[in-house]
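Per-chain residue numbering starts at 1, and chain names A, B, C, D, E and F are given in the order in which the chains are listed.
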Amino acid sequence: MEGSFVSNYPYPLLKRPPFSWDRDENIAEPKVHEWIQTLPVNHDVNWENYDISILGIPLSRSSISASAASENPEAMRREWKSFTTYNIDYDIDLRDLSVVDLGDVKQHVTDIALCHQNITDAMVAMRHHHPHLLPIMLGGDHSITAMLVKGWKKAHANAKIGILQFDTHFDLRDVNEFGPANGTPIRNLIESEIIEGKHVYNIGLHGFFNAKSLKDYADECGLNYTTLREARKQGIEHVVKRAIDELSKQVDTIYLTVDMDVLDITAGPGAPAATPGGMRTDELFDAVYIAGQSDKVKAMDIVCLDPHKDQANSTVKAGVHVMLSFLSGYVNRSSEKSSVR
Amino acid sequence: MEGSFVSNYPYPLLKRPPFSWDRDENIAEPKVHEWIQTLPVNHDVNWENYDISILGIPLSRSSISASAASENPEAMRREWKSFTTYNIDYDIDLRDLSVVDLGDVKQHVTDIALCHQNITDAMVAMRHHHPHLLPIMLGGDHSITAMLVKGWKKAHANAKIGILQFDTHFDLRDVNEFGPANGTPIRNLIESEIIEGKHVYNIGLHGFFNAKSLKDYADECGLNYTTLREARKQGIEHVVKRAIDELSKQVDTIYLTVDMDVLDITAGPGAPAATPGGMRTDELFDAVYIAGQSDKVKAMDIVCLDPHKDQANSTVKAGVHVMLSFLSGYVNRSSEKSSVR
Amino acid sequence: MEGSFVSNYPYPLLKRPPFSWDRDENIAEPKVHEWIQTLPVNHDVNWENYDISILGIPLSRSSISASAASENPEAMRREWKSFTTYNIDYDIDLRDLSVVDLGDVKQHVTDIALCHQNITDAMVAMRHHHPHLLPIMLGGDHSITAMLVKGWKKAHANAKIGILQFDTHFDLRDVNEFGPANGTPIRNLIESEIIEGKHVYNIGLHGFFNAKSLKDYADECGLNYTTLREARKQGIEHVVKRAIDELSKQVDTIYLTVDMDVLDITAGPGAPAATPGGMRTDELFDAVYIAGQSDKVKAMDIVCLDPHKDQANSTVKAGVHVMLSFLSGYVNRSSEKSSVR
Amino acid sequence: MEGSFVSNYPYPLLKRPPFSWDRDENIAEPKVHEWIQTLPVNHDVNWENYDISILGIPLSRSSISASAASENPEAMRREWKSFTTYNIDYDIDLRDLSVVDLGDVKQHVTDIALCHQNITDAMVAMRHHHPHLLPIMLGGDHSITAMLVKGWKKAHANAKIGILQFDTHFDLRDVNEFGPANGTPIRNLIESEIIEGKHVYNIGLHGFFNAKSLKDYADECGLNYTTLREARKQGIEHVVKRAIDELSKQVDTIYLTVDMDVLDITAGPGAPAATPGGMRTDELFDAVYIAGQSDKVKAMDIVCLDPHKDQANSTVKAGVHVMLSFLSGYVNRSSEKSSVR
Amino acid sequence: MEGSFVSNYPYPLLKRPPFSWDRDENIAEPKVHEWIQTLPVNHDVNWENYDISILGIPLSRSSISASAASENPEAMRREWKSFTTYNIDYDIDLRDLSVVDLGDVKQHVTDIALCHQNITDAMVAMRHHHPHLLPIMLGGDHSITAMLVKGWKKAHANAKIGILQFDTHFDLRDVNEFGPANGTPIRNLIESEIIEGKHVYNIGLHGFFNAKSLKDYADECGLNYTTLREARKQGIEHVVKRAIDELSKQVDTIYLTVDMDVLDITAGPGAPAATPGGMRTDELFDAVYIAGQSDKVKAMDIVCLDPHKDQANSTVKAGVHVMLSFLSGYVNRSSEKSSVR
Amino acid sequence: MEGSFVSNYPYPLLKRPPFSWDRDENIAEPKVHEWIQTLPVNHDVNWENYDISILGIPLSRSSISASAASENPEAMRREWKSFTTYNIDYDIDLRDLSVVDLGDVKQHVTDIALCHQNITDAMVAMRHHHPHLLPIMLGGDHSITAMLVKGWKKAHANAKIGILQFDTHFDLRDVNEFGPANGTPIRNLIESEIIEGKHVYNIGLHGFFNAKSLKDYADECGLNYTTLREARKQGIEHVVKRAIDELSKQVDTIYLTVDMDVLDITAGPGAPAATPGGMRTDELFDAVYIAGQSDKVKAMDIVCLDPHKDQANSTVKAGVHVMLSFLSGYVNRSSEKSSVR
């Protein structure tokens, strides 16, 4: 972890403060924070070397309930050091991927519309400048999904976009009442005609956390969903595969959005809307691994994780694990890496 | 959520403080605290309109270990606002039921016998005045179950009562040693000949939390039980159905008592006697849903939930979910609603 | 606490659920939640009977750091039951005052400017309809102070307004950069010429929590301040009295704003910006008691209290105590009660 | 800490499990748990060797609010190991005192009256069998004080007993309403004519935590009190000394009762009724040190400390420190040690 | 719980302080702390009466991450009182076993090598003096396993030892880099030729918590392992049985080591290295029950449980349950009890 | 906070991840993490530009009680962002000082002696290579003080070193028994004749946290100390000034060591040995400010702060404040900045 020291640094017994972001190919036990690269200051970078980009979106003032999900990008980065790059479940080492952390989208304190505009613009810029990178967005609350998908559509006007959503909620609340908040992104996208209702697949709904009127809305616009209870009966992996298969026939781009409140409240104390009766972490890891394997899945976000409410960083760790499980699937893609272009 | 304001209230931008208990049929996303009705002050009420009554029993000074389960009725009511009335697992909206919150049974600070008498009297009054209401009691510690069942028996002298119990414990400790405490209610009922041992069905026992002597006592009086480990092998839903079927043949009234310590300690941190190796919340929700479907189940209590020990309100939320899952089953009852009479 | 029951309510042993807001003059130990009155539903109210109004302002999405100060009005109301109306320090019973809780200002999820407009409008309405009431506002973050004082000025165009501020911070950050956030209210008011810098008196600044540039700005506009260290040397009560005396000579209206982060971090864990080296609660209670005694102090707010970060409700309790200590001073005002007109 | 091992114990590298209660005069750093002695099993004990007895009273089901103060005796004993016997503030080593831990008074789960009778009987037994021991009682809630003083009076019918009370509350609530609960002990003793109101001295009252009616009751029966605010102005040590001087002229026995809720809520998170604006620990330690010096102070209790609500054991540690500070004063008594007879 | 009191102890209403370690065959509900015996002071003991010995190893300064696993032995002992001796899952009462708690191995503050030597010597002494006792060691961190197995080998030079390990990690890190730390014990034993790699069976590996290089090392030395994901597919009980069967053919002694971090982070918050996606407690209890049944399993340790990080003692309780579940299996062994010799 | 981006970085809306360490003289509100500089990678540095060096010492496995003080250097660095460089109490801006963060001393997992050697060597290297820098060391536990002072003595053989210590403890325990642990550093230095007992000045001792034998040892070797109680009577600032004056006459170098457990347990929950009755943070900040002013004070450490036990980061914040308060005094030194040479 020490890296190379400058010639006039005379302290052989010291470690450099406090983060080492340089890649070192020879270390025995590479950790995720050593593997994911940040952009060097004042140096050129060869963008073609990268496969994946990570983008933090520290916005949660658009959340219906008070949330510190804005702190999540930093919290997840800080927890990277707890993970190696090697997934023993699938015997996959992520080291062969090149991942760049682009930093965070600038946010304004009191102008939420400007925050949202910046998020859309950031996606447009990523798709415009570096379309070969598969972007992973670390939210932030769920309002960002609408902005990011809008950005994708702006950059790729002809794209036919589907949504694969792991969530306890439909997120179909009325945009007219709440504005572009974290309860409305899917309806926002449908009503602004970025996506079609039938191209949304929600897996994980359960319990008493969605009004009947939202379920009726979902039915009216042909939105697909499988409750967690039903998914367990059929096998979650099977349900996810089927959803991807069906979506793949109808769209060219699947946007994967993981609302961490899909987890059971014991597994996701840091997802304030997580409830009893939710998903186990191992179920979610398997689900995103499968999603990662599909060439059609070209972007992903992780939202509604509030590290201030977390216990022992367990939800933040689960969030990092979700990202890495998705990438494990990505490594296993049969097609060319440039599939996200 | 604003309701109708009085004529001389000139503040259009304000919400009325802080709880709105009035029913409003037209709201898009009804929450449980808007749906369950409290009795209006100084107004008549048409009791016939109701199906279900809720009664808080804020007593836990009869608990062997120090407990604040007395705070649970208020804690559960406060958490109602986190739930809609719609259960997506079964596509059931509870709005069609009418539920009235009767308030709490008065308790005395230092006279536990008087507390217990009041609880019994409250059940007698409910059965006497409004026998068409199915009562749901929010404890309180498990000592209240003995008092409530005694009240039922007092009101319905000829009733043959069985007990369906989800619990980590037998609750068969010696009444002579502990008095009518939270460790003795089932033995209390058996020894006072309100119920017969063979009409008790306990599901959820596990681990090292019952002395051998209590198991021997259970065997001697023919009490039925299935450990959680065995129930999982057979299928919990199956075991619950079988228990209800068997009880239904022998009794006319099944009293359902849910000790929240049946939950695993991670799922029920607010149930102080919850232990490792216990039930998952989704298992418990399924179990009470099935119980709710049976016409024979005519009363229910939820006990031993201490909100002061809870983490992130997860156990209180689970308690509310248990109540609502039971009611989801109730909606699906094939028979007439007046079955509890 | 039972109140009068309706005639057809046959349960003598029950307490009405769960809050009783009616005033009852004969109870032996009146608690604050029984004393402060909410507006009755569907009934007229004689506004002239009241002396004080309380207004909740559940806005904290305008906070620079993620905050749940929006939950504070409800949290403070819930803690009222922990306080009697009698202040033994000064042998004052607040029962002789009549206080009405107006409820909360409506807020929008994603339109902060609209939230702020509603707050200003609410103050205008209060000053227009019921100018005899001294308003106490429960924030919410500190951005609301700018909106409330703007409302006062709108209602009383000729008012000369001064600010007495207990705070760890100047709150003089750049409005152009942050917008009307919780770091900018005083500068906002100065630059919009609602108040003059020399009519602001800040007591409680300490440590490394204000940039030098903000101190320079304060000096340039003649803003008055005394650090906590200096105030303790001179005597906090003395410093507060002097500030009020000086302001009273120059303005006709003093607006008191209490940022709970003025407390030491041990005393104010629920004030996220509280730091080591801050004020003790007894110092703050004395300070607001003195402020309450001045006829010139005609409005008060309590801000930046995030109950989600609190420990054992200690900061929420301190917030309620601040309000009650202020009212204790108000009772002792020598002048007529109508002074706030 | 190893003590002497039995001859056939062949493990030189092991420490005996887990507590060593034997006194060892030669250890360099004696800790309180090594110094305070428990009664040996199956061996005679020379009672004359002891100066002080400690008695645990694990009762809190008589508390108005749910409390686990019943766990306090065990919690305080467990924390003894964090303290040496040497008080550097006064250069006093407690080793010269002999202290015996008698254990806990037996309590019943559901019969509070029996619990109280046992407490009274225990005090009678202590005064009867070993009147030379100064008893220190570790509560339990404040209801025990009434029972203990009644026991003292029963054992010493002619004793004229005064009460020195450090408390945020009067504890003068109506016995008829609450029974012998933790809010009524002083009134209980006055109304049962065990003590006279004028022989009670309460120091530490503050804020909004006593109803006016209780203050009026106190005035009517001539009870003495000094608020914390007033005591600080006069000097707490001075106020305590004066109270003891005055009481000493009128009574032969002063019973010291320390309600830990007299502490500020930050210093006493484990005292559920502690509030903002309370006493600092150093103030309380000084106060009980002075009380310990008086020959008239012949018994002491520490009550209303709920270790389940404590943070980092800080209140339990403060409770142990209170006991040790009192004993530091006791060592300095000018008179003979047999003064408590 | 009272035991027999000495003749001159005149307090019939008191319980002896605070722990009663004497065995009492007649109590109705024996708890684990009453059943497990400590060595009496100054009395001979008949070692032949015992079946099992428990040894605390309070060492965690050899842990790579800061750990208070040194506090675990005391924490587990303190939690024994929460368990009866009766396992209702298997209808087994542990009372028929005789278990002696030997206490803790002496540790040095700053000399880790001496700590480790003492641990090895303690195992040698146990095997030398009382080879009929099956030893259960309560760690401490995982470094102790290497020291304990070395002690066993030293005492039984011809023993062929295999390791059954439940763990999230291989514990195969480089001894040259870390020394005998908690990340290296298995490699330490292999490289010091105490065991062979092929005689290690690790069950429970998952996720991103082992570097690829360690997996390669494991493969090179023929170490056996089954990931948790694979074990669930095959059935955990089946996988454990197969591992024991295979090991039994090749070794004469199986040493069972349970690293509590194998648990999911929600089930094992007190195991600092526990992660999302880990084992459930009921899975672990079943696994060690099976291990307990095998005559070849002759020693067991439980490591890496840090009670300071635990929540509501849930992990400590799980640790005690693991020990008791193992003993439940032991009771069911078909062979003679002297099998561990 | 954005810094200058490289030319081919096309994302104007993004912030660079996640820390910006570059100094930017023009920012309006400089924060401490922007002001303290880390060494640039692969670039030369002009050491002469710096005044102060900061060195992390992540060692706490030498602590008697289990401690994570090893995590403190990183925790304090992470909290720098909560502080500006401007101290309003003294109207001092620290920006004029140049501070370099050297990083952490390398530590070994299982070889404490090697850890200690590295610490001594690091001090020697600092004094050898850059004697003009005043070093501030962030511990780690108190054992490091002995190692650092030994290093100073090794580098400056003729230095006469005194110790100014703010501590609840003497730290004079027996080195023969504990080794170079956190309870022995002062005795270690005296017995190894690095310093003389009479050149130690301890301020802050209180309560029952030092054995009498240690006080006797202190007296025998002429060590100076003032209890907190006595210091408050005399005035803490006065006592600190007098200690420095007296030491200054006898030594040429004063080493300041701040054990954070000197704080009251409410102010220092993250200092595991903090106790009730300790120092307030404002007292400690004043004390170190005075020490910072003295030319004789040439090094400083902050020890025994365990961030894992902290609540709301309050102790870590206090630790950072201590460092900054010391530097505020340093800015005010009358002599030349090169005084530490």
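FYI, a residue touches a chain if its C-beta (ideal position, glycine included) is under 8 Å from a C-beta of that chain, and two chains touch if they have at least 3 such contacts.
Small disclaimer: the values here were computed from a predicted structure and weren't measured.
A.B. asks: Hop across touching chains from subunit D and tell me the fewest hops that reach subunit E.
C.D. replies: Steps on the shortest route: 1.
A.B. asks: So subunit C and subunit D: same face meeting same face, with over half the numbers shared, or different?
C.D. replies: Different: when the shared numbers are divided by all numbers used, the fraction is under half.
A.B. asks: Need the CA-centroid distance for the pair subunit A / subunit E, whole Å please.
C.D. replies: Centres of subunit A and subunit E (C-alpha means) sit 40 Å apart.
A.B. asks: Can you list every residue of subunit F that touches 2 or more other chains, as numbers and ranges?
C.D. replies: Touching at least two other chains: 266, 309, 311.
A.B. asks: Using the touch definition from the top, list the residues of subunit C that touch subunit A in their complex.
C.D. replies: Touching subunit A from subunit C are residues 60-64, 66-71, 108-113, 143, 178-181, 308-309.
A.B. asks: Sort out for me which residues of subunit E touch subunit A in the complex.
C.D. replies: 173-174, 205-215, 227, 229, 264-266, 269, 275-277, 309, 311
A.B. asks: Show which residues of subunit A lie in contact with subunit F when the two form their complex.
C.D. replies: 3-4, 6-19, 22, 38-45, 47, 55-56, 73-74, 77, 101-106, 118, 121-122, 125-126, 129
A.B. asks: Can you check the complex and tell me which residues of subunit D touch subunit F?
C.D. replies: Those in contact with subunit F are residues 28-30, 32, 82-89, 91, 93, 95, 266-267, 281-282, 285, 311-312, 314, 317-318, 321, 324.
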